[in-house]
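I have a structure here, written as structure tokens, and I will follow up with some questions on it.
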């Protein structure tokens, strides 16, 4: 595997899940694989789980992680083609990506969307520029439209916790005060489409995700109907896609409650706002898988890095 | 040992001092102990000595340190119970602490007090929340009311430098322009109470520390009397405890001078403001132990980490 | 070698170039040399190449790098002698440098000039203070007046790419909208003076560099004349030295174009502002050596660290 940019880079999600579980059982089995290899972690945005779990994954493989907060630590990066750089950006991505490739064997990048310029966000300007101008493999640590390390994690977690051959998985929108990206929801949808699950998406009208991603997946605007007999309820807020980046609805009735979720397992990528997205009673119960999801971030990242390292040899 | 939260977690300070000295002589003797173990260093506030010495200590034990400036790198953390999180905080400590525990074998935390809300500061909200919600050991890298890594360092330094069985140690307040925490003073008092020293605290009226910490320790408002025949003078500013967080006195006569200190050794946790807390002539003389104190920070941290690692096995 | 402060610390640049090339061929040959040694990287300013390449160099030598952004991570540092520290700085360099020396075997420092106070900048206050008060070797990662790791890199790159015994090297000023330091230009001039090259400096009138550095080197205010028959064109903006720190000229005719550069190789320390300093056509052509320069930063830093480590033993 060259890059890990989207869920579509996973050839066989069931095989990957099995491989990730094997890594989880013996995380240090490949400690020699990454020896003398450097992972550059570039953050254009805040990060806790991704920051720590990806470093941990690299360490498990014997790699040396180097972390950089791009905005604070380095220079403003220009992405435009042909720009006369007489403004605030001091370095072009063409040089930045090529240069960082001189020091890092793999580059992992986090770059959130603007949520104001749909076309620019969908072009995945930052991530694609790294793919284009770097000379080493690129790992997506959450980009404008996808968060495939998270979705791989979620697939592993569902696989570990299901008691059925074909569980019912519901992706439910929940209210939030801020405009949030579609990345987590998009990649989760794509992951579920690759798994043998009964999958339903539920959200208020006006919150339909990108139809190209939704494809044939079932969407039900009635949350109660959608949640019926669910085995896993994956909860996430996102801003409107149609009325791009807008918060159209903050209806607290969409908050996930103990009553709504019933016997289903609760999942969320975190960070989660308590009593806005989901009530305490759910998060503090045995139904919640969020901490196990966070734990699996390490093994999802480690599997991706392992596959890239094996391909580098 | 599970956590290292306060000086009270030291069962026998004299034994610990001897063990720290042994580590100082052979800092790499336990390089295998921390292999494949990760230390997470979480900073809610600035740090130089603690940041570097704790990393160095971890490296000496073969651990992998991962540093995170919580505010800048990650998400605003909520500590309230039952809060509807529709404000500025994006992640609850319940999740944050449990999540970080998935990636780090030990978590070290620095979180200063507000100095405006006495009750909240004394509740040690941040540190206690990590103890409660993390599933791994917690090390206090200076909390609202204590700095036990510093005080252990100070105990080691006094033990190394004393020429008497029972030296006289004076903790003297000194003027500062800003309101500073009580943490260093508190832990130093507690450490001295555990050692076989003649201990006197001196400060202007209105600067009495928490009476529960002071206990039976001697307080003298007359600095000259207190300093008489001192072997070690530990200097530190703190804001008022009674009139909580206020600067009541900036009298330059309380600054430590060469004349005042006589033949005593000068100690300070650093950073120290020259010619405000203490005159250059003291810091630049052989009487000053501040650099040796800083050096001992490594071995105090290493001893604490070593004890926790041994307990993890 | 004790410190690496300026190009003048290189005893024989040709030998150093050969040694760096050998390291580049076998970067892991000295992996044991830096074992259990810590490199502290202190940044008072932004950095991308230096930050990453110096860490990579340290890792290649088996060292543990510890990075600190001084302003954000630690305390405001005071450099004045005898100051009454009742202002914004909380820690004196005397303590800071001595303290960091307790945790790091080598300290590397980046500290840019003010460009407003010539005398202060030329005194190299920050770097010199570290040299004076630290007890370990200091490496200059770009100071007020020099960037010797960059210039060593440049010397290596010219040596690797020259087809002549004595190539013609031109240092050309180029326009920029901001006032930039003289450090890169200064150290490049000093490096070229040590090499067997035909060296010409070209810039608009009013942009003469420090005459003590220029010495006998040729200066030609006519860029076209200077560039004639050049083999290497090293491009860099700097602010006026005479009218200290001022931007006197932004004439776009000084921008480097494909036409101007002809068959010469283009060099720049990066970050470079495209279509202001140099047009895309140059940077995107085979004439550009900028990425190879960035690559050589690792080996320049590694050579310097190796020499210091060998001297520490």
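All chains are identified by letter, namely A, B and C, in their written order; residue positions are counted from 1 within each chain.
What we mean here is this: contacts are C-beta pairs under 8 Å (C-beta built on N, C-alpha and C of every residue); 3 or more make two chains touch, one makes a residue touch a chain.
Computed from a predicted structure; not experimentally measured.
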- Query: With chains as vertices joined when they touch, what's the shape: line, ring, star, complete or other?
  - Reply: complete
- Item | Chain copies touching (subunit A, subunit B) - same or different residues, decided at half shared | different
- Relative orientation of copies subunit B and subunit C, as a Cα rotation angle in degrees, nearest 5: 120
- Could you please state the distance in Å, as a whole number, between where the Cα atoms of subunit A are centred and where those of subunit B are centred? 39
- Message: If a residue has to touch 2 or more other chains to count, which residues of subunit C qualify?
- Response: 72
- Any idea which subunit A residues touch subunit C in the complex? 36, 38, 40, 64, 66, 68, 72-75, 78, 82-86, 90-92, 94-96, 98-100, 102-104
- Query: Okay, in this complex, where on subunit C does subunit A touch?
  - Reply: 28, 31, 43, 46-49, 51-53, 55-56, 59-60, 69, 72, 177, 270-276, 280, 283-284, 290-291, 294-295, 297-298
